[in-house]
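A short worksheet on the structure shown next.
Chains: A, B, C, D, E, F, G, H, I and J, in written order; residue numbering restarts at 1 for each.
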Amino acid sequence: MLSMVEMNVRIPMDFNKDEAARLKAREKDRFQELRRAGKWRHIWRVVGHYANVSIFDVESNAELHDILTSLPLYPFMEMKVTPLCRHPSSTHDDER
Amino acid sequence: MLSMVEMNVRIPMDFNKDEAARLKAREKDRFQELRRAGKWRHIWRVVGHYANVSIFDVESNAELHDILTSLPLYPFMEMKVTPLCRHPSSTHDDER
Amino acid sequence: MLSMVEMNVRIPMDFNKDEAARLKAREKDRFQELRRAGKWRHIWRVVGHYANVSIFDVESNAELHDILTSLPLYPFMEMKVTPLCRHPSSTHDDER
Amino acid sequence: MLSMVEMNVRIPMDFNKDEAARLKAREKDRFQELRRAGKWRHIWRVVGHYANVSIFDVESNAELHDILTSLPLYPFMEMKVTPLCRHPSSTHDDER
Amino acid sequence: MLSMVEMNVRIPMDFNKDEAARLKAREKDRFQELRRAGKWRHIWRVVGHYANVSIFDVESNAELHDILTSLPLYPFMEMKVTPLCRHPSSTHDDER
Amino acid sequence: MLSMVEMNVRIPMDFNKDEAARLKAREKDRFQELRRAGKWRHIWRVVGHYANVSIFDVESNAELHDILTSLPLYPFMEMKVTPLCRHPSSTHDDER
Amino acid sequence: MLSMVEMNVRIPMDFNKDEAARLKAREKDRFQELRRAGKWRHIWRVVGHYANVSIFDVESNAELHDILTSLPLYPFMEMKVTPLCRHPSSTHDDER
Amino acid sequence: MLSMVEMNVRIPMDFNKDEAARLKAREKDRFQELRRAGKWRHIWRVVGHYANVSIFDVESNAELHDILTSLPLYPFMEMKVTPLCRHPSSTHDDER
Amino acid sequence: MLSMVEMNVRIPMDFNKDEAARLKAREKDRFQELRRAGKWRHIWRVVGHYANVSIFDVESNAELHDILTSLPLYPFMEMKVTPLCRHPSSTHDDER
Amino acid sequence: MLSMVEMNVRIPMDFNKDEAARLKAREKDRFQELRRAGKWRHIWRVVGHYANVSIFDVESNAELHDILTSLPLYPFMEMKVTPLCRHPSSTHDDER
């Protein structure tokens, strides 16, 4: 079951640089993990912003909530969640 | 080069049903054509709306403009275009 | 899996009264059907508006889309869909 | 008499963690109390957010105001109150 | 129990003038009736607009909904309902 | 001459509690004074918010500005001023 | 007593041209009349729009409402009213 | 050449009071200077706000920019600039 | 003196096609004329929309208003005007 | 390939003045560099704001993202990116 999630990251200027670097590294690891598990299907950068557009493939809203709120950078993110489903014209298996 | 396009379709209630059906059929054909050409990379339905989220892969802004404005349902669409690029965490070839 | 759907109904003033009455009767029947099936879990009227707040319990986004877009009054509705999940404080079985 | 209340919680990053934990525990206790008293009829988590959608059943606006403004986390909440009433299609006793 | 209701009236230019006059007369009668019954406590005109700010005193949300949706000009009104309660500084009996 | 003023109070969390209490007490005194003088005609609490809806009866815009900007809590208030006048259906002397 | 009024005029494309010309001529006459009476103190065109920014000098909100709602083009206008008063730095007699 | 500028002043609560007083005095002097030079044609206070509506008469956009950005309180101001021109109904010489 | 003008064109679907074509041809001629006169300095299409971003170089706001409101497609355009001036980093003669 | 980028700069009042001056000098150098390379085609100041409207000419969205996010003042900028393309009426070579 697919959802689009738009994430905007805002780390305060006076936030500790090392801690920020650690969080970003953990965020990247977590992303790779969810990628391999087939949960985080797509990610793109939004031009000119520290933001991304992502497509998630999960079993339920509850699973999506758990994934999003446990992201290392979650406390710095503003999120917009849009539920998606297969488009009648779609022919790709992974756009279910 | 990738762009997200969010399309909202609003066909007036008193619009001729046959003409609407013809336009929708042509829209679907055009979608398949652009799909095969690798231009219209993804399409998803937005739950509860006659709307879609799409990912286009084109050579330039000009090509994207030509594709969008020549869609059969274009006169009934409201569009939002968001330029995207590869996310540093991405490992998929097709998220360039 | 739960979702909140806020529905605003706008039937044009010059729309045929009999047809409107027929659609409303069919909408009510469809609501009862979905109620009995456990899909349309709650419905409330918004004070002062021809609008409702509803809670749906479905298997997937796709099922929700099918239910919403096949409502008899759908062409007259503006919808806002908010994905929900169980609240950690919840103790009711049906707030899963 | 029913009202929907949408609550958004924003605890500043530099707020004392222990104090936050204490407030959350008290919030949960207060929720259970109001739940048992039949005042806080429903609560759901909004996917991807530290926010909830709740349904309250109170005697009057004044009672609702007292309940909301005395919540332990109230100083950190942004609230939207929507007055509701029974929907003509409703058949549930508790959707009065 | 008090609520503020802001009403904006928009009668289409091509709406039958006689019918509009009849509806306005009935609206005025209904207002006087609700005034005498103590339900429609206050009404003021918003400067420069065909709009009013009103204060209603009702038993419940349901009663308010019935009053508002049965106003003769209701189909032409856009409404905003704000639940109110007694202010701690208030000393007037009728601001309960 | 009547105006509606909607006031939203936001006192920063780290503001001195004693000073806040003093300001609130002075605000209440000032309210009573203006009430007795017939300037602050009505005040209601907005449910769920530290906010009020008020009706002022003043000689001119200048008098209203002086009253509002000299309120003890003014530096913490966000205000929206809406000029009102007598509604043609009104029969109350004090809704002039 | 001064107020700023921003007026946006939207005459539908299919509105009778002669009637529109008659209304505009009457609007201009009415403007001159109010100008001479010292009520309509200033008027400026907003660049690129069929809109104006005006300053009115009236005795009360009620007088302003009567003036605005009796303008010949009023049914085609969208209005925004902002109450003004003398600025402490002002030295002009007519900015009272 | 005329422009309307709406200025909103927000001085942080913890800003040094003496420095604020100095800046306000300099702002007033600068205003008088621009007034005498015929550049700052009008200024009015917005009721209930630390804000003004002003009319400037300058040779060019560049001159307006230089005037606005060199105001002593500029760092605390939020500005909205609206280009104006003579209204066809205007008969005042200074509304060019 | 430079201004940015963003123009959105909306020609109703049932507008006469021949008349629309005539207006578009005249719009193009007028554009070329203003281009040659150095008034309409730049024009770009906004991707996915029947809209443009333009840069005008005029003597005054009044001249800009006359140019914009006499465009053949003006009655179908929604406009946003932003006054510009030379950027301190600019080295191009034509960005004055 | 052209894009309009609107940049709003907000440097906090308590930010180190020397560091700010250094960043602005580096921003200016970077601008000149990109100007000479033909990437930053136009820049204009927005009247009354610490903001600019710019036109970029790049090979791809990715190049634009790299340019924007590596600007020395980027951490203080709010950006809006609008993809552009050649307008059918354009005759300038550099409006491709």
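In this text, a contact is a pair of C-beta atoms (placed from the backbone, for glycine too) under 8 Å apart; a residue touches a chain by one contact, two chains touch by 3 or more.
Predicted model, so just to flag it, every value in this text is computed and none were measured.
Hopping across touching chains, the smallest step count from chain A to chain E is 2.
One copy, chain H, sits rotated relative to the other, chain J; on C-alpha atoms the angle is 70 degrees to the nearest 5. Of all the chains, the one whose CA centre sits at the greatest distance from that of chain I is D. The greatest centre-to-centre gap from chain B, using C-alpha centroids, is found for F.
Between H-J and the choices I-J, A-B or B-I, the pair with more than half the same contact pairs by residue number is B-I. For this pair, chain B with chain F, the centres built from the Cα atoms lie 52 Å apart. For the pair chain A and chain J, the distance between C-alpha centroids works out to 28 Å. If you average the CA atoms of chain C and of chain J, the two centres end up 46 Å from each other.
In chain E, the positions touching at least two other chains are 2, 45, 47-48, 61, 64-65, 81, 83-86. Inter-chain contacts, as defined above, occur between A-B, A-C, A-D, A-J, B-C, B-I, B-J, C-D, C-E, D-E, D-F, E-F, E-G, F-G, F-H, G-H, G-I, H-I, H-J, I-J. Only residues 2, 4, 28, 31-32, 35, 42-48, 52-53, 55, 82-92, 95 of chain J touch chain I when the two sit together in their complex.
Interface residues of chain B, counted against chain C in their complex, comprise 13, 45, 47-50. By the touch criterion stated above, chain B contacts chain I in their complex at residues 5, 12, 61, 64-65, 68-69, 75, 79, 81.
Put simply, chain I touches chain H in their complex at residues 1-3, 60-62, 64-65, 81, 83-86, 96.
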